[in-house]
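Here subunit A shows up in two complexes: once beside subunit B, once beside subunit C.
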Partner chain A sequence: MAAPLGCGYGDLVLASSRAVDDEEEEEEASQKPSPSAVLRWSTQAKQEISESPNDCIECSALIVAIGPVATGFIHTYLLHQETEILGMIGSGLSEDTCNTFEQTSPADATCFLHRLKSAPSVIVCQCNVDIPPEMMFSWTQQLFSCINIHNTYVGILASAPVSEFRSSVSLSDVTVPFLRGLKTNQFHGKPVCPYLEQPNTAKGLPASVLTHCQVYRVPAVLYMCYSDSIYVEIPAIKAFLPVLKGTPFRDIVQENPHADITLRKLVELRALQNNLYT
Partner chain B sequence: MFRNQYDNDVTVWSPQGRLHQVEYAMEAVKQGSATVGLKSKTHAVLVALKRAPSELSDHQRKVIPIDDHIGVSIAGLTADARLLSKFMRTECLNSRYAYESPLPVSRLVSTLGNKMQICTQRYGRRPYGVGLLVAGYDEMGPHIYQTCPSSNYFDCKCMAIGARSQSARTYLERHINEFLDCAVDDLVRHGLRALRETLPNEQELNTKNVSVAIVGKDTDFTLYDDDDVQRFLAGIEHEKRERGAPAAAMDVAEGQEGPAADAPQDPQPGGPDAMEH
Partner chain C sequence: MFVSCEKEPNIPKGYTLLLPAVSVGNVGQLAVDLIVHTLGMERIGYLHTDCLLPMVGNNPFSTSQEDASQLATGTEVYRSVEKNIVAVQQRAPLVRGKQCEFRRRLLEWAKQCGFSRVVLLTSSHAYERIDTQMTGTQLRYLLSPELQQSVGKAVGELKWTELERRRLYPGVEQRDGEEQTGVFIPGGGIARKFYQECCEAGFPLAVLLTFCAEGDNIPDAFSLANYLNQWLQLVPCKKSGGKGATPQAEWKIPSSWTLLFGSAYPPDLY
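== the complex of A and B ==
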């Protein structure tokens, strides 16, 4: 069985093992398809795309939430309004991710595209799937494939452990959780929190989406929440609250009077799945 | 604390003389929910915050009885806690069998510390990722001990461990002089108030998420769960918390300067200064 070895920063080298017949391994390797993301539209969305002049869905604001903390925030403060599911991004026929529109629990490993019925030009992508590095590019390409982003503001929310945050200030002197922001050239204005200080970098899918926006000159802002718990917790979700006052959220958000109840249920739902720590 | 080339193995020292794997293991304790231990002249008390119970299964135990005179509350890896609890129970049973007397609490904790230390010094092992609060009563009186994945243990007047436990420790430090002469029920209420400080404002203590345990003079280690906890909670439910609202994370409206605005700024990514939106 081949085992990946770390070999230098960012390199991944597959090492052969004498425990497995190499010929079998080569056959398996040649048969295994390269991973790529697949975007499936709902019936209604397909019709809309086919009827549009440029084969795209109009979008004035695209919100991308990545990870349980960010998706929990969007689920509580944005998706309490009436929405419809436009599509989903999955891994094709792989069993790793959900490939049906029926699994809509906020704790499921799904990646749905929602549209607000009160604001049909606002699309929200809730990504609760761990996208492997080799699939991030195709995932990003799929996300932007049929969305007209020429007049779109993009907001990206994600979270990371505070243990990855490098700072000259001792972390015991910093209130955790906290927000840091990055933006593209085309995004005029400042994020509602401090910029992500060097040498910290955004990684993974949030970086992939932000880079795509930078390359294609789309105004986009990324908010990273650094928290110290592996669990989804209310303080970490609420750390995103200031972004509701910024672009592109402030014109589309409506107050949720049941936010606290929703948050509690969400945290309990996530806590049930994590029994490694007591 | 971030990755470096000396943190792959517990048997590797860093140039600064640190064992990173042991330090990482101590972080695991913070992933467990908070628990508080405190003692008076006659009793020792443990209160613990349980994670959300499932309707389909029994909830995860946070407080584990060890013997008639000792119990522990755990914070960290559940499986490691289960193993250490089994060890402690065996030690207590052996003492009763051999000497026909309960094992002194300090001796049990010392033996436990020696067991935990082995894993911090042997290749191929890892430290136990759990912290314990040991509450016991013996001939020397009531005891509260704290143990760490580093295998250190501390004799405490009161202590809190687990997620956001600093808030609880702050409460304990403010009221520490009141504990020695407290009645049992008041001692429990102090523990509950300290535990409540670790919760966000949106959450409250209730009979479903709290465990209480008491041991002391003429009182075997007794665990209270569910409705049995109500009488303790009734004493504090109308009280306000001591701390204010948690500091809002960068509660800054767009267009206004954030708190770090006066600090040296990183260059804005890629271009001329941004205009005000």
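== the complex of A and C ==
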């Protein structure tokens, strides 16, 4: 009796069929409900929202820091003042997702909304989470959902590798790290650094927040720090220093006499995570 | 999905809508860049939806220092009152799993605005061509039945080549001896499905495409833009290059078309 085909002759390998269109996988994916980000307010913030006439938190300046370099900068130069945690934006239930208000280390993968006690209308969002692309829109919607953005200035800080930066000058001749800016039409000032030249673009979460501000006519400015290191380093964090002289930071920042010590501790904390086994 | 940036949104009924598909070589998008920049179309709004990946940059159509700092978002809508067209420029891809939803919303928006027709610019993988497509013009068109009735004759006079139908089940004969055929646009993005949905909905759609491979797709973009221009007469043409050649228009290249293949190399590499 002949052995069945494939039995004892190794595995049957089916050739990919041209009848199966890649679009069919796309259509299957579209049947699944898309995940959304969720904003959780603290008990105090919930009470404040329920008591406000328009169910919103008043905000004159919203600072959004995205990624370890930008959040390190805000942690050192803005959040050394006394703050309270207003809420957090959750974007998933993977193993390393933080969903409590207790994990407040600057190196934790968290996304908290802070408020300065010295300036209660200033809200700072520190995003240390990698938000998946399909959640960026809902994350942005959640961020602006209960904040009264009329008369609000938005400042966004983010970083990117210099390898993504296109320049007619060879990158070996450019001093790294450097800062580039983009602003919405409603922002009437100029960024404190050169504009991001064509054909460069910003993408991901910083782009999602700036797009929202452009579409809904909110004055906003985005500062991108381009650095050549994959690790968090002090020169990259300090590259953001000029933004402290611009809107909306200059009216709310207070000098931190221990900035250098804070920076060193932050970089050491991050360095512990930057090894072969993490 | 559409958010206007004008004080009073104004998309008159009866306009033509130009749409690019994110396709091989990004040819449709490059062609729309040429059209928007050459006609000096004004931005009238944005397509703001969770179906599109976010992206921002400075004004890709800037002509001076003053307008260079105007922010551009991932997907924007432009209008030319002179030519009665509205163009969408999509600079970022779709979110995975959202293509179906995006097509549905696009068709709904097109119906709401009362566009007289939609023209989708796309491209298709050159390596998937059949024998008859290997030589001759690389440009093809498709018209939905609704549009075939109104412009089929005008398009016929241009002596264009319609996209060949392919057998859906090669080698399998139906009982009546006929083979089932369908539209096949590999690498064409939303083109095939959008065409099918517009046919089912009785909506006037034209698909213009070119066969190409990934690489320097600027010539393909010019070719597709000239193809469209031959029909819609948006931009004046130079004298035709030869018998059967598509007339060439005077297109303006936008400032964003620089460093398309990356930064300058470091000279000390050598």
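The rule is simple: the second predicted complex is superposed on the first by the 237 of 278 C-alpha atoms of A that agree within 3 Å, B and C clash if a C-alpha of one lies under 4 Å from a C-alpha of the other, contacts with A are read in each partner's own complex, and residues count from 1 in each chain.
One rule holds in what follows: a residue touches a chain if its C-beta (ideal position, glycine included) is under 8 Å from a C-beta of that chain, and two chains touch if they have at least 3 such contacts.
Keep in mind that what you see is a predicted model, and the values were worked out from it rather than measured.
Colleague: Under the stated touch criterion, which partner chain does A:P194 make contact with: subunit B (first), subunit C (second), both, or neither?
Modeller: Once the two structures are laid over each other on A, A:P194 reaches subunit B alone.
Colleague: First (subunit B), second (subunit C), both or neither: which does A:E268 touch?
Modeller: first
Colleague: By the touch definition at the top of the document, which applies to A:S168: first (subunit B), second (subunit C), both, or neither?
Modeller: second
Colleague: Touching A:E233, do we find subunit B (first), subunit C (second), both, or neither?
Modeller: Only subunit B is touched by A:E233; subunit C is not.
Colleague: Given the touch rule stated above, what does A:L182 touch, subunit B (first), subunit C (second), both, or neither?
Modeller: A:L182 sits against subunit B and subunit C alike.
Colleague: On the A-aligned overlay, A:D55 touches which partner chain: subunit B = first, subunit C = second, or both, or neither?
Modeller: Neither partner.
Colleague: Is A:E84 contacted by the first partner subunit B, the second partner subunit C, both or neither?
Modeller: Touch status of A:E84: no partner.
Colleague: Scan A:D251 for contacts with subunit B and subunit C and give back first, second, both or neither.
Modeller: It touches nothing on subunit B or subunit C.
Colleague: Report for A:S208: first if it touches subunit B alone, second if subunit C alone, otherwise both or neither.
Modeller: second
Colleague: Go through subunit A and flag every residue that touches subunit B in one model and subunit C in the other.
Modeller: 166, 171, 182-185, 190, 195-198, 214
Colleague: Quick check: in the complex, which residue numbers of subunit A touch subunit B?
Modeller: Subunit A residues touching subunit B: 163-164, 166, 171, 175, 177-179, 182-185, 187-198, 214, 225, 228-231, 233-235, 238-239, 241-242, 245-247, 250, 260, 263-264, 267-268, 271-272, 274-278.
Colleague: Can you tell me which positions in subunit A touch subunit C when the two form their complex?
Modeller: Per the touch definition, subunit A meets subunit C at residues 19, 23, 26-27, 29-30, 32, 34, 133-134, 136-138, 165-173, 182-185, 190, 195-208, 210-212, 214-216, 222.
Colleague: What residues of subunit C sit close enough to touch subunit A in their complex?
Modeller: Within the complex, subunit C touches subunit A at residues 3, 5, 46, 48-50, 53-60, 62, 68-71, 73-74, 91-92, 95-101, 169, 192-193, 255-260, 262-268.
Colleague: Please give the residue numbers of subunit B that touch subunit A in the complex, ascending.
Modeller: Within the complex, subunit B touches subunit A at residues 1-2, 27-28, 30-33, 51-52, 54, 60-62, 74-78, 81, 163, 200, 202-203, 246-255, 258-261, 265-266, 268-271, 274-277.
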